[in-house]
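So, here come the structures, one by one.
You will see two complexes here that share subunit A, one where it goes with subunit B and one where it goes with subunit C.
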Partner chain A sequence: MEVTFKDVSLSYDGSREILHHLNFTIPEGTLVSILGPSGCGKSTTLMMISGLLAPTSGQIFFGDEDVTKQDALQRKVGMVFQNYALYPHLNVLDNIMFPLKMAKVPKPERKKKAIELAKLVHIEDQLDKKPGSLSGGQQQRVAIARALAKEPSLLLLDEPLSNLDARLRIEMRQEIRRIQQETGVTTIFVTHDQDEALHISDHIMVLNSGQIQQFSSAETLYDNPSNLFVAQFIGEPVINTLDIADFGDELKGQIDTELLKRTQKVGIRPEALQDHDTGAETLATITTKVKTFEKFGREKNALLDFNGKRLLTTEIEAEIAEGQELPLYLQKSGFYLFDQDGTRIFGGDQDA
Partner chain B sequence: MKRKTAIILRYVILILGAIIMLMPFLWMISTSLKTQPETVKIPPIWIPKHLMFSNYVDALKEAPFFRYFINSVVVTSLTTVGQLFTSILAAFAFSRLNFYGKNILFVIFLGTMMVPGEMLIIPNFVTLSQLHLVNTYGALIIPWLASFFTVFTLRQTFQSVPDQIYYAAKIDGASDWHYLWHVLVPISKSTITAVTVLQVIGSWNAFMWPLIVTNTENLRTLPVGLQAFTSDAGTNYALLMAASTFVIIPMVVLYVFLQKYIIAGISKTGLKG
Partner chain C sequence: MLNEKPTLKSTGKALLYLLPMLVITITFNIYPIIKSFIMSFYTKYDFFRDIVSQYGFDNFKFLFSDPDFHIAVKNTLIFVVGVVPLTVIISLAVALLLNRITWLSGLFRTVYFLPFVTSTVAIAQVWHWIYNSDYGLLNYFLGFFGVNAISWLESPRYAMLALIIMSVWKNLGFNIVLFLVGLNNINERYYQAAKIDGANSWHQFTNVTVPLLSPITFLVSVNGVIGSFKVFDEIFALFNGTPGPSKSALTIVYYLYQKFYTEWKYGIAAASGVVLFFMILLVTMFQLWYSKRHVHY
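And now, the complex of A and B:
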């Protein structure tokens, strides 16, 4: 089901606004992640979609239908909570059957459906256990099965993987992707882990301080960040950021002076600093001094000193020693300029 | 060595405590098996010469105990079920719903818990007599259909259930009513069992109130019925104790079977019975 927010704002206490004028459309059948730092309003957004929380102003649409005034009972979405919220007094089977029981589905049918779902999430061998005796990953699968039980047209997941260890996390996010693709249910997935969002979703909505920073595909977020926040939030290792005062001289002649005047910050992705000349792709050459150089596995990180500022690159091919001078070739792709509001004014596909 | 003494000491104290607690019961059983003269013998004797099991038969013949027993069962079950029902609803309202004056109302109710029960006897009696309910089953039951102690205990438990469980139930299509009966009540099973048992025991053993509001034999409950052994000529302790033994047996059985829940329920809420 397509979900649309029209100018939705929310304040819990009537004075401090948590979410400011959200406008977005989530297309039917896609998996969208809401990504942002802790406290930016991700759970709050999800609660408003589910109907557990009413917006202070604005409208919410499911397809063409205005559901703003409907409560959670009427909206019939499926939801997995941050801490799973399984019913502790019911065993796995009864937990999955609960939404069906509420919908007055006859018992034999309920059971059949629940077992089907248990198989889908691979917990069919745990049906008699109470949630308390399940591992985090198993609980999460039960929660997903329960959320899918009434065949919602919309599935909401609030940081469902945050309690799992690294390996299980990767396994489960593939699992969620598989289930989503098998069932075709429109899914909204909340996370503060960019890696998770990048791997699982069709589109990512980056949220910060209650405002949508950018809503696009993972590649677009990385290649064309619309502002400094997104550029810094997406990407590992983090983008190098310098004040224009520290870097402007290198760019004179290469970039329009009017543009440089408006520039406040310079963003350079670690892979945009190459140790060899790439010809037309090279924007400028800078001289740096090696501070530290680390190699583990396939990863190579060189921390460099540039006029007293720190720069990080991942692209060193040659053997280098700490303390030596090193010329670096600044690449066009992965190089951005941001104005005083943080908006990107140079770099990305527009200037490729 | 030091630890061993500590353990021994602990057990000695516990055993002494248990003996003190059991003493009245043992005395009751012992007396119920004595002959009439033996009951008033000084120094008192613990083990009668002949065990007078016939006292039990005689005691039951003394008064219509079967009728009293039925009355006790009816009154106890109706007050318990009724009180539980009203308390569960009230506790849900206080823990989950938002309504005007909720906190003030709660504080006022909390205040009523400080009023000793004996003080309520006269106002309650007056109210009932104006409703023409004195000397009816209604008098035995209606005043006990609400108990703030039970409301308070349940509210504490209900509040310890995380919000997200409530939200999950909402998402799963449960109305407040369904959430209450399908989720909240089963989750709070141990507390509910504890307050139920406390209420059953309280109601079963109630003496003062039934004595005051009833005066026909048909309405007597067991504790009131035990008066049958007291007359102007004195008290027949042997028969009284035999009958008393009958009266408390159901409660002892109940407690033995449910003690796990009772202890869990009471220690969870931080209240004692």
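And now, the complex of A and C:
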């Protein structure tokens, strides 16, 4: 189901607003991640979609229906909690059947449906166990099966992978993607981990201090960050951020003078610093000094000094020694200028 | 060391640590228990010189043919069956309400806890007045509903009921506190999950609160059963040192007390104690067996 927020704000105590005038539409049948640092209001947003929290102002629509006044019972969404919240006294089968029991589905049908779902999430061999004796990944699968049991038009996942170890996390996020594509249910996925969001979702909503920073595809977020926060939040290693004052004449002539005047911060992706001339792709050349150079696996990180500021690049191909001078070629893609409000004024597809 | 193997020396050292408590427990608990078991088989006993000339089952035979003991067993069972479920249900209900309100909840908690820290004798005196057939608050209150004055403490029909009401009220405080602890230990997430799963308030209560509270409910009921089987001081204080009008509140412990202190029939008193012990054991074992299937830790 399509979810629309119209000017939704929320404050817990009436004075301190946590979410400010959210406006967005989540298209039907997609998997959307809400991504942001902790405390940005992403779980709160999810709670408002579920109906566990009511917005202070604004409207929430499911499709064309205004559900602002409905509570969680009436909205009938499926939700997976961060710590799963499986009923500890019920076994796996009863946990999955619980929403069906509440919906007064006859028992044989309940059981049939629950076993079907258990198969979908690959947990059918654990049906008699209590949640306490399952591993984190298994509990999570049960939680997803339970959330899907009543065939919700909307599946909400609140940081479902944060309690899992690294390898399992990668496996489970692929599982979630698979289940979402098999069932076609509109899914909203809250996470603080950009890697998770980038790999799993059709669209990503980046949230910070209660405001939407950008809502677009993963690629767009990376290539065309709408502001400095998004540029810094998305990408690993983190984008190099410099003040415009750190540059001398390197950018002059390459970029419109008016733009340069408005510029406050400069963002350079680590891969946009090449150690060789790339011709038309090269925007400018800067001179740096090598501070450290680390190599492990396929990662090569060089830490450089540029007019007293640190720069990181992953693109060094030649052998370099610490302390040596190194000219670097600034690439057009991965180079951004931001004005004093942090808004991107140069870089991305528009200037490629 | 955590992986140290027990040696003679370390065991001796441990025993030394345990010794002070062991001495007290053995002197005041273990020895009297064994002694009263043995005493229940004294059939000919000269207590002036502490000489037992004959052992046998006569004390138990006496109990099984004594109509007073039958009354005592019946009354004790009525008391247990009356007090325990009421205590569990009412204290759970009050705890649920207290858990909901935030306003003055501290004050209410204190008020409900007060009976627990008040002496039974003082409580019985207050209830003595509440139950007074001419001036009592209870009859005054019932008068509003057109109920004629009831002689709560003087009529054999109502004496047990009066005793049960007072005991339930006295037990509430502590059990409410236990239930409040249990309620606070239930993670709010389960209620949120239940709401998402379509459970209304009643279903949340039956499917989340009741099962997750079952360890506390079990504790409260076992505690209540054991305590109620041993009821004595409430009776003594409420009925001014009598077992109620026409023995209507005669319980096993009261019977034991009478045999021991007023009739000096030590063997019979001990035998009734042994019977009580096995009754409690039986019921508690039943509760344990039941809890294996219905209590979720």
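The rule we apply is simple: the second predicted complex is superposed on the first by the 351 of 352 C-alpha atoms of A that agree within 3 Å, B and C clash if a C-alpha of one lies under 4 Å from a C-alpha of the other, contacts with A are read in each partner's own complex, and residues count from 1 in each chain.
Note that in this section a contact is a pair of C-beta atoms (placed from the backbone, for glycine too) under 8 Å apart; a residue touches a chain by one contact, two chains touch by 3 or more.
Being a predicted model, the structure only gives us computed values, none of them experimental.
In the three-chain model built by superposing on subunit A, subunit B clashes with subunit C. Legend: residue contacts after superposition of the two complexes on their common chain; A:284 is shown touching neither subunit B nor subunit C.
By the touch criterion defined above, A:185 lies against neither subunit B nor subunit C after alignment on the C-alpha atoms of chain A. By the touch criterion defined above, A:150 reaches both subunit B and subunit C. Judged by the touch definition given at the top, the superposed model places A:79 against both subunit B and subunit C. Of the two partner chains placed by the overlay, neither subunit B nor subunit C lies in contact with A:239. Where the contact sets of subunit A with subunit B and with subunit C meet, they give residues 50, 52, 71-73, 76-79, 81, 83, 85-89, 98-99, 102-103, 146-147, 150.
By the touch criterion stated above, subunit A contacts subunit B in their complex at residues 47, 50, 52, 71-73, 76-79, 81-83, 85-90, 98-99, 101-103, 146-147, 149-150.
Per the touch definition, subunit A reaches subunit C in the complex via residues 50, 52, 71-73, 76-79, 81, 83, 85-89, 98-99, 102-103, 146-147, 150. Against subunit A, the residues of subunit C that register as touching in their complex are 187, 189-190, 192-200, 203, 207-208, 211-212, 214, 296. On the side of subunit B, the complex with subunit A involves touching residues 162, 164-165, 167-175, 178, 182-183, 186-187, 189.
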